[in-house]
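For reference, the structure I am asking about is given below.
Letters A, B, C and D name the chains as they come in the text, with residue numbers starting at 1 for each one.
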Amino acid sequence: MRLMAEGLSAKRGEDLIFNDISFVLDASEALVVTGPNGSGKSTLLRVLAGLLRPESGHLKLENGPPEIAHPSELSHYLGHRNAMKRELTVAENLSFWRDFMGDSPGGRGATLAEAVEAVGLPDIAHLPFGYLSAGQQRRMAMAKLIVAYRPIWILDEPTAALDAGADRLFADLVKAHLGKGGIVVAATHQPLGLDRMKELHMTGFEHLAGDHWHDA
Amino acid sequence: MMSHAAYVFTSYGIAALTVLGLVAWVVLDGRARRRELAELEASGIRRRSAAKAPGETP
Amino acid sequence: MSENSLAIRKFSDLANPTRFLALADRLLPWLAGLTALFFVVGLWLSITTEGDYQQGETVRIMYVHVPAAWLSMMCYSVMALAALGTLVWRHPLADVSSRAAAPIGACFTFLALVTGSLWGKPMWGTWWVWDARLTSVFVLFLMYLGLMALNRAIDDPARSSKVSAILVLVGFVNIPIIKFSVEWWNTLHQPASVMRLDGPTIDPEFLWPLIVMAIAFTLLFFTLHVAAMRNEILRRRVTALRRLAARAAGRGARTQ
Amino acid sequence: MMALFFRDLKLSIRAGGGAMIGVLFFMTVVAVIPFGVGPDLNLLSRIGPAILWIGALLASLLGLDRLFQAERDDGSLDLMLMQETPLLFTVFVKCAAHWAATGLPLVIASPLLGLFMNMSEIAIGATMLTLLIGTPAITFIGAVGAAVAVSLPRGGLLVSILVLPLAIPVLIFGVSAVYAVIEDPAPFLPPLMILAAITLFFAVIGPVAAAAALRHASD
């Protein structure tokens, strides 16, 4: 499986956020997106997840299952928000997402017990999600990544609310996923300690007048 | 037009149903709460006051 | 048993939830047994007594309707008293009591409305009229439901207790309106015939089953109320323990 | 898909859910009317069906603004947009769950309020039937409004304003079907069939439009 981006650029409103970004990711490869605030990391990830339409360029998947219309259907997206309901228990949340998302072809999701074990919180799956601390909530949101199998993970600041121990735990999750032939795209400052890692440094460009009202 | 006895039976019936429903709710609610409490205690979580209770400490 | 004696007991030796639970466990079987006994006697009396020459068999609806209506008001009074306990004495069990009483009160009010309706159809020829007594009881029903909705909407009892206590006290103005509506306004509903200063005007033939049924319903209320309070205390314990569990799990993971 | 249905049902029943609020609002609105028009039983029984319908319409608009906004606020909407299952089905199932949690209780509560309005047994039955057929249409129309207003910070009132004019046909045919039952000469079936047709129509159009609106709102 190979994920290819060719000449992607995106706008928010009238502002050009980034221009002409290309990369190729093979199976078991990770792309770490870095850059200062406002350089368009989140926007790029939302484009990859199919939540924003790119202004130009396109995203392609090679050697993937034939019936897929957009790579986002094979992707997990973990944004700034956890996509879990405070009123439901962790187990209810996770089993909902597992049933709702289903597994992509070529893999199987972990059971609930395995998933909460993997994020190091095996005893509190019966608690309402809202009772958990911010860090615990984030870890449970990561458990969501493994209850339903998706070959591509798109992670936006996944370790924002986590302490050092949980950071390691997360790095292990990512490594395990890559080991099984997955692809990871993550915007993070945390060193993941991976062998096959590409880095994309985004600069943002205030200097570039991408706005057609000023075209000379 | 229903006979008068029918009205009497209906109201007694509804009263019985409502009261039984209320009793069932209270009993079932109590059982569910006790079960949750037992589950929590089985997983080793205890209130401070309960932990100090005699017989609880080994 | 009256609200007064319950309140005194609560304030003197039931301040501690654990002791309340112990006492409730001991008290409940007796209360339940007594309730059942009174219901057996009351139902037997209300079935065997003669029908009224004017109202016929339907007078038997009274034995359910009047106690239910009386309880709907008493339950609200208990809640108002508990609300006072929450606001003035900050008693930990007062909010539990008020919260536990709301669904029970709603059920009895519902019962009063339905049986009244079933009594009204053969007597007045209509299920419902918008007169003062009926309307104010219906408003009481809506108030119970509103309080239940409010209690559910705010899941943190520490925050919701004050708010709902204030609402309960504000709503208490409705109780005298219900009680005296039949005297203040000329309505279809008949005036009180048991609780009067100049003694009951009702025939003793009907009075006995009515009194027994009223006692049975009152006992039922207290049984359910104590049991529901116990459930509410347990529910809060579960919540507290869960929060504790969430905190403990974080610590445990770090030490592993 | 059943998982989504049951999750939404659970959410509306759990603490803070809107299932009971709608019925309570319905009862309160209907109970207020006799104070306004006076306790004349003949008048009440004549306007009863219309009052019940208006009350049900307003009550079913109540929780609609949170239909997609709650999903957006915690990020669930992003994940729903990404799936292989068409967004159309997701929206449809969410509407169905919303109706089961808020519309169905209104239908069940309507006979009780019909008694309060001194309506005849036939009129009560007809009102219940038309509400059963008509309220899903309101939910489907409302889903469009909710999807359009999903990214607005104060979308709640706007949803009602957007949806009410669109729901007027439902109200017209719902009420006229009930009156057709009470007043003999008018035929009952045609307005009922039109009402059913409106519901079916919006059951298709509503999710399509709502899904399109959600796709664009995510940009």
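Criterion: contacts are C-beta pairs under 8 Å (C-beta built on N, C-alpha and C of every residue); 3 or more make two chains touch, one makes a residue touch a chain.
Fair warning: this is a prediction, and the values are worked out from it, not measured in the lab.
Peer 1: Measuring between Cα centroids, what's the chain most distant from chain C?
Peer 2: Here the answer is chain A, farthest from chain C.
Peer 1: Mean of the CA atoms for each chain, then the mean for all of them together: which chain is nearest?
Peer 2: D
Peer 1: Between chain B and chain D, what is the gap in Å from one C-alpha centre to the other?
Peer 2: Distance between chain centres, rounded to whole Å: 34 Å.
Peer 1: Distance-wise, how many Å sit between the C-alpha centres of chain A and chain D, to the nearest whole number?
Peer 2: 37
Peer 1: How far is the middle of chain A from the middle of chain B, if each middle is the mean of its Cα atoms, in Å?
Peer 2: Distance between chain centres, rounded to whole Å: 45 Å.
Peer 1: Where the CA atoms of chain B average out and where those of chain C average out, how many Å apart are those spots?
Peer 2: Computed from C-alpha means, the inter-chain centre distance equals 17 Å.
Peer 1: Among the residues of chain C, which ones contact at least 2 other chains?
Peer 2: 242, 245
Peer 1: For chain A, what residues touch not just one other chain but two or more?
Peer 2: In chain A, 123 touch at least two other chains.
Peer 1: Which residues belonging to chain D are in contact with no fewer than two other chains?
Peer 2: Counting only residues that touch two or more other chains, chain D contributes 15-17.
Peer 1: Help me check something: in the complex, which residues belonging to chain C touch chain B?
Peer 2: 18, 56-58, 60-61, 64-65, 68, 103-104, 107, 110-111, 114-115, 118-119, 121-122, 220, 224, 227-228, 230-231, 234-235, 237-238, 240-242, 244-245, 248
Peer 1: Using the touch definition from the top, list the residues of chain C that touch chain A in their complex.
Peer 2: 242-243, 245-247, 249-250, 252-254, 256
Peer 1: Quick check on the complex: what are the chain D residues that touch chain C?
Peer 2: Residues 15-17, 20-21, 24, 27-28, 31, 34-35, 39, 41, 44, 115-116, 118.
Peer 1: Using the touch rule from the top, collect the residues of chain B that touch chain C in their complex.
Peer 2: 2, 4-5, 7-8, 10-12, 14-15, 18-19, 21-23, 25-27, 29-30, 33-34, 36-37, 40-41, 43, 45-47, 49
Peer 1: Please output the residues of chain D touching chain A within their complex, sorted ascending.
Peer 2: 1-4, 7, 10-11, 14-17, 73-76, 78-84, 218-219
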